[in-house]
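Heads up, the next two complexes both have chain A, just with different partners, chain B and then chain C.
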Partner chain A sequence: MKELSLNILDVAENSVKAGASLTQILLTEKDNVLTIEIVDDGCGMDEDVVRSVTDPFYTTRTTRKVGMGIPLLKLACEQTEGQLTIESTTIEEDPTAHGTHVTATFNMDHIDFMPLGDVSSSVLTLIQGHPDTDFLFRHEKDGQVVELDTRQLREVLEDVPLNSYDVLEWIREYLREQYEALS
Partner chain B sequence: MKVKDLLGHGFEALSLPDGDREIDGVYIGDLLSWVMGRAQMDNAWITIMNNVNVVAVASLADTSCVILAEGVAMTDELKETAEAKDVNVLGSADPIFETAVRLAGLIG
Partner chain C sequence: MKSLAELQAIKNRMKDKVILRDGMEGIRVVVGMATCGIAAGARPVLNAFVEGVNKEDLEDKVSVTQTGCIGICQYEPVVEVFEAGKEKITYVKMTPEKAQEVVEKHLKGGQVISEYTIGAVSA
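Moving on, here comes the complex of A and B:
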């Protein structure tokens, strides 16, 4: 992963696996600091699990004994003297407001800062793989905003699946236009 | 050549739970996610990274040993985890290229 967009994809996949109906991917670039937040309303994690997800030997997968999503994101931000925090509320603790909030900050002028890469493609990959859950993507860059909310698309599209070719192409173009409009 | 046979040839043992492992080939890299998908089983892996994720990548790729080049120190966390997960870690005071050349001379 030479780009942060792949780390984002990896962590957002965890949200979907946690049963999230809405996963938010929020990027903010301000004063040379990039903040990446991945917020979901999934089943949440208790304190012990939150502590162990930064341990590379923790994984919910059964096929291998190592889970690298969060450890690599943590490494990537700490290399720029940023930090990673995780807050989580389990469904047992709060049946109405549960989920996980991952926040990673990066100093973009640090020499070890990895480029963000193609976040639009990561968002498209998520929608393509999980057309029945919702994603809110928001990238704020020095006050200007690129945004996509699948809940709004769903209202307009009604029964058309979000992962149909035409819809995905439309989303790709929609994001591209918004990025082009950023000065 | 076994991992333990490197000792005394400019390589020192930092964690050596399984010195009898055979070395087959060498991989060099510091971007862990990259190494994860490319290092081959039984490779000796030369890197300058010393955070705990190194042990996880070595374990995933099933390398025969990690070689910390440039005299990079072992952190306590790395040492504990390497020993707990049976991952061999050696140290070399030389830069990566010189370390690789020396290793190539030894493993033939």
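Moving on, here comes the complex of A and C:
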């Protein structure tokens, strides 16, 4: 991966595959520490699975026996002396409050810190591919915030799909304007 | 600034338009978007298809969707084109530039670009 936004896209795809109705992508930059959180209300993983997802030789897919998504994110944060944690509750453990919470921290002034890259593009890719699930994106940068909540857009759009071209372009501009407004 | 009122206007404009969804007749372009595809550059390829299909006014004929890993990671970014009654076409090692060409020649013009397909490209 060349930029962290691609890791974010990859790990958020797991949330959608876990049946999440809402996937939250929360970025916080403060005092040169970047925290990336991906929080979903999907089916969750039991303890054994949580332990094994950081192992590249664990995967849920059937086409081959390696899964690199979480290991690559773990590598990216650990090489900046940050860390990765995963908390998860399965639907069997708690039928009302289940899901997975991935947290990765990065020291942004570390020489091995990979640039965050184009996060807006990752958010757009997620919405394009999964127009029927919701995403909350929030990027807080030294107290200022860029935010997008597809639930709000869905209320306005009703049955017009979120991945209609004009809607995607609106979202692209909406995020771009918010990023430009950051000082 | 972009406002929700503007989104409302988009909605009013779109609500009577028929949008091609999965399962309908037409051409389906599927971009591999697992770890392997993403790492190899699938995000800008997908974007180029979405842009191109809109630019060439093919939205009522072509849908662009995503899938996971199909098992040929060394050929990523991989794009499959499905069309009813025709054989599946698998484009490999795609770039945004190649995607634009596929939109113009294949999706619009009906001509498969053989040199970008899996049979013609080596891993």
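In this section, the second predicted complex is superposed on the first by the 183 of 183 C-alpha atoms of A that agree within 3 Å, B and C clash if a C-alpha of one lies under 4 Å from a C-alpha of the other, contacts with A are read in each partner's own complex, and residues count from 1 in each chain.
Quick note on the criterion: contacts are C-beta pairs under 8 Å (C-beta built on N, C-alpha and C of every residue); 3 or more make two chains touch, one makes a residue touch a chain.
Owing to the predicted nature of the structure, the values given are computational and were not obtained by experimental measurement.
> Mind checking the superposed model to see whether chain B and chain C fit together on chain A or clash?
Once chain A is superposed (C-alpha atoms), there is room for both chain B and chain C without a clash.
> Which of the two, chain B or chain C, is in touch with more residues of chain A?
C
> Quick one: the Cα-centre angle at chain A between chain B and chain C, nearest 10 degrees, please.
For this superposed arrangement the angle is about 80 degrees.
> Going by the contact rule set out at the top, does A:M1 touch chain B (first), chain C (second), both, or neither?
A:M1: touches chain B and chain C.
> Looking at the overlay, does A:M68 come into contact with chain B only (first), chain C only (second), both, or neither?
both
> In the superposed arrangement, which partner chain does A:L153 touch: chain B (first), chain C (second), both, or neither?
The answer is second: A:L153 touches chain C but not chain B.
> State whether A:L9 touches chain B only (first), chain C only (second), both chains, or neither.
A:L9 sits against chain C, while chain B stays out of touch.
> Would you give the minimum C-alpha distance from chain B to chain C, in Å, for the three-chain superposition?
Least C-alpha distance after superposition: 5 Å.
> I'd like to check the shared interface: which positions of chain A are touched by both chain B and chain C across the two complexes?
Common to the two interfaces on chain A: residues 1, 6, 64, 68, 72.
> Would you tell me which residues of chain C are touching chain A in their complex?
These residues of chain C touch chain A: 1-2, 4, 6-8, 10-11, 13-15, 19, 21, 33-36, 38-39, 43-44, 46-47, 50, 53-54, 59, 64-66, 68-71, 73.
> So in the complex, the part of chain A that touches chain C is made up of which residues?
1, 6, 9-10, 13, 17, 61, 63-64, 67-69, 72, 121-122, 124-125, 128-129, 152-153, 156-161, 164-168, 170, 173-174, 177
> Enumerate the contact residues on chain A facing chain B in the complex.
It comes out as residues 1-2, 6, 55-57, 64-66, 68, 71-72, 75.
> Show me the residue ranges of chain B that touch chain A in the complex, using the header's touch definition.
31-34, 36, 51-53, 55-57, 59-60, 81, 85
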